[in-house]
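Listed after this line are the structures, all set down as structure tokens.
Each of the next two complexes has chain A plus one other chain: chain B in the first, chain C in the second.
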Partner chain A sequence: MAMIQFKDVAKSFKDVYAVKGVTCDIEDQEIFGLLGPNGAGKTTLIMTMATVYNPTRGEVVVDGHSASAEPDKVKSLIGISFQDPKYDRILSAREILQWHGKVTGVEKGVREKRIDDVLTKFGLAGEAKKRTWMLSGGTKKKIENAKVFVQRPKIAVFDEPTAYLDVPSRLMVWDMIDELRDGGTTVVLATNMMDEADRMSDRVGIMSRGEMVQVGEPARLKGTLKGRDVIEMKLEAPFPELVGEVKHVEEVKEAHFEGDLLKIALSNGRELLPHMINLVTAKGGKVQSVNLKEPSLEDVFLHYTGTTLT
Partner chain B sequence: MSKASAVMERDFRIFFADKYMLMIMFANFMIDLGVSGLSLGAMIRNLGFSYFLYIAPGANLITATVASFQSGRDVWRERVIQDTQQYLLTLPVRKNVFALSRLFSGMLRTVLTVLPGTVVIAVLYGLSFQYFLVGLGIMFIYSGAVAGLSVAAASLANSLELFATVRSTVQVYLSFFSTQFYPSSILPPEVAAVSAFNPMTWAVQSFRALQAGTVDLALLAPLGGLSAALLAVGFLMYRRTMNY
Partner chain C sequence: MSSKPSSLFIIWVLIERDLRTLVKSPWILINRTVFFLIQLFVFAFLITKLASSLGFNYFAFYSVGAVVSTITSIAFIIGEDLFEEEEMGLLDYLLSLPFGHTLFVIGRALGGAVRGLIYVTPMMILVAYLDGYFSVVGVAGSLLVIFVLATGISGLSITLAMLIRNANRFDIMIALAELATVRVSAAIYPLVYMPKVLQPLATYSPVTSASDIVRAIFLPGYASEPYETVVLVLFVLIFFGLGSAFLFRKLEGGKFE
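Presenting the complex of A and B:
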């Protein structure tokens, strides 16, 4: 059974619909990437699941409980790391984590151990007693993420979990999210970072203008963009006659030279790469380097929404 | 119950995050009592009673007003400045429990804040321990009125200017349209009429009655009624901000 079910969920603020009839299931213990530009409705959808917003239409069911009818049951299952840190900045990191753990029902001994572990992993042990308003943006973000790692809820929501973080910290957060999932947590990962979504997600849902326009595994979604591979071959010198030869290959959609760079748009680029190199070489082209560009998740997003991730 | 105590614990942690907070509030009370009370007491001698002792409870109630209004300030800051209200609403605490706990913690914080001042007044008035506890009870009930009012204001105000103005207006009303400084007999009749319906009047008069050895239920009953009403208003207004 799905852990989270969105059933024709819509939410309007006055007359403006932020979410327009989303239907989607999120499976138990999967990492579900929620993609979309700012204003796509990701946060509204999450807040509806978290019972903060009442849906204007439809229903969210979390682990068999209706978010509208049983909000207390649903809230006890969810932990959210917000995009912008949301805690009292007059308090220290340790106080914030202690209180979050306590109010979410983590037993004291376990709570203190988890806090120590998370603070150590994030390299924050020395700053745990400082008031958080004094800390850097990256450190504040780590503390926001740490709340969920201390809670270890059944459903963890991370909204842009690696924003403001340096590369080692990003990798650390990714590993910790993986560990969380391995421990039995279902993860919703709202992000604008395509590499993050691609690396982390079992499936992604693409939102645009309040609608869920596509859901699927990243590889499958990229595979839907047939004919979007591009082979770039740098030759010793321009060789315009090659364009006609290359275009005889059935899978090739388009080919042209840009200086001494032969660009070939085709489907099944990975499979056809050796053949294309052999073809060019056989016709007298002297290949210096080759680059294969396959569709990225960003291309998928662009294809299905007609917008860029900004 | 554990959820409610967790919510209140957070409020206490925030209020007393600065370890000098209690000391500063007590210092304010002592300055008010020492400078205003002693100097005015020395100037005003023809009332037939000690003016210093007359205005002493008012200084403590002003401290209580400031401490109680912090409940509204906390709510306002969460709604408007720190944007933490949505985080708080995702936590596994029922909204009603959450709202009530915030108000109750505001009252408890106030009692703790005015505890040293109440001890000073109890000593000045020569109160028994039982009457000292009644005095704390008066502070608790009074703080409910201010906490309820401040949370209601915080639930409506979307700018610091508006919230700060409401706070100033409430403090002016409580102090100057009451018998905190002057007996109703020497107030202008219109002001005296207004001051008869003021929680500060009921609270400060209740304190003065303790000095005379009386627990005046005729004052405590309306104070309790108004406090309950303002707490209900604060609760309902705050709850309304939680519905999206």
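Presenting the complex of A and C:
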């Protein structure tokens, strides 16, 4: 059985629906990337799972427990790193982490060790005693993430975990999320960064205007954009007769010359690349360089969220 | 992975958080202490001299009431904290943690009360000493009574925080509630000198009850009616109930609805 089941979950604020009937399963120990433009409903969906919002319709089942019927049971499984850091700004990082660990039932010895560990990893050992309101934006975000790393819950939710973070810190957070999953945690990762989603997620779900419009492995989703691969061959000179030859190949959707550059739009570009080069060469074309462009997760995102595809 | 903590542990952890934030804002403590001392040594001294012709030791009467009033107004702060937590979105975090809403309200109300108790314990000892009736049992008993009162006031304050969404309106309501509980009571002046219309209200005020019970413990010649204990306990139960009920309602509907 799936670890998290969203069953036709809808949530409205007054008469505005932020989430409009999402049905989707998240498997045990997977990293599930939740994508969608600003305002798509990612955070709202997460909040219904965390029992902070009661769904207007439908239900969320977490590890077999209904979030509305057994909220305490569900909450004891979940740890959330919120999009906007949520903790007492008057307290220090260490105090925040101690309190969070305590209230989520992490035993003292383990807790202190994990806190030291995560503070060191984030390079915050020196700032652990400062009141957090005076820390930088990225540092505040790290402390928010640190709560979940100290807790190590069965289900970890990260809402934009690397927003505001510098490059080494992003890599660190990614490693730590991977580690968390390897330890048995199911991860929900809401993000607007396609490289992050692509790199981290076993599967992604793309939300648009409150609906889950597509779910699948990043590679499979990219594959759904058939005919969107592009092979660019630079020839010694333009060779217009080649266009007709190339178009005979079934997978090719379109081909034309831009100067001495032959552009071929097709599906299965990677497999067909050697064949296309052979074909052009056999017809007398002198290939100087070749470039294969495959759809990125970004293209997938733009396609399914209805934003224009470039 | 972690184990599920017990209810008592959760209540303690919630109280601990309120204590930690208290320790980090010492100037509030200083502010209230100075106010208390000025009231006691300037205001009460003056009035006591004025009232001495009545053959009534106002200073003793007032000093007990001043401690009760102080803990009352400190207990109201917890609602302000909660209101601010909601405004800043911190409530989302707190409510995502593994405990029920009732436990949350109980923990916070007790947190507010324990904070108040920490503030006023030195005041209570000072007053007992000044009035010349110091005893460990007396002080402990009095602290217990005002702790119960503070728990109820915290519950009332949390109820208001859950009920009112507009920040200005909330500030006004808290100020009014504080005024009503402290002033419409026999905390700092005897009931008989109060306007006739307010007397019935003041008679059944939990602050009156707490003040009278503490005076009965401390001061010779004072007694407390049994119904006053009932009023105090009912007050606490009602506002625990209302506080958690409104928190529930707020969540059932979803926030900001």
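In this text, the second predicted complex is superposed on the first by the 307 of 310 C-alpha atoms of A that agree within 3 Å, B and C clash if a C-alpha of one lies under 4 Å from a C-alpha of the other, contacts with A are read in each partner's own complex, and residues count from 1 in each chain.
As a convention for this text, a contact is a pair of C-beta atoms (placed from the backbone, for glycine too) under 8 Å apart; a residue touches a chain by one contact, two chains touch by 3 or more.
What you see is a predicted model, and the numbers here were worked out from it, not measured in a lab.
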Request  = Could you say whether A:Lys234 touches chain B, chain C, both of them, or neither, answering first, second, both or neither?
outcome  = neither
Ask   = Regarding the shared-chain residue A:Arg209, is it in contact with chain B (first), chain C (second), both, or neither?
value = neither
Ask   = Between chain B and chain C, which makes contact with more of the residues in chain A?
value = C
Ask   = After superposition on the shared chain, which partner residues are touched by A:Arg152: those of chain B (first), chain C (second), both, or neither?
value = second
Task = Tell me which partner A:Val106 touches in the superposition: chain B (first), chain C (second), both or neither.
result = second
Ask   = Touching A:Lys14 in the superposition: chain B (first), chain C (second), both, neither?
value = second
Inquiry  = Contact-wise, after the overlay, does A:Thr56 reach chain B, chain C, both or neither (first, second, both, neither)?
reply    = second
Message = From the superposed pair, tell me which chain A residues show up as contacts to chain B and also as contacts to chain C.
response = 47, 50-54, 72, 75-76, 78, 80, 82, 84, 86-88, 90-91, 95, 99, 102-105, 131
Key: Of chain A, residues touching chain C in the complex   = 11, 13-14, 47, 50-54, 56, 71-72, 75-76, 78, 80, 82, 84, 86-88, 90-91, 95, 99, 102-107, 131, 151-154, 184
Key: Contacting residues of chain A [partner chain B, same complex]   = 47, 50-54, 72, 75-76, 78, 80, 82, 84, 86-91, 95, 99, 102-105, 131
Request  = Using the touch definition up top, name the residues of chain C that touch chain A in the complex.
outcome  = 1-5, 10, 13-14, 16-17, 20-21, 24-25, 88-90, 92-93, 95-100, 251-257
Query = Okay, in this complex, where on chain B does chain A touch?
reply = 3, 6-7, 9-10, 13-14, 17, 82-84, 86-87, 89-94, 243-244
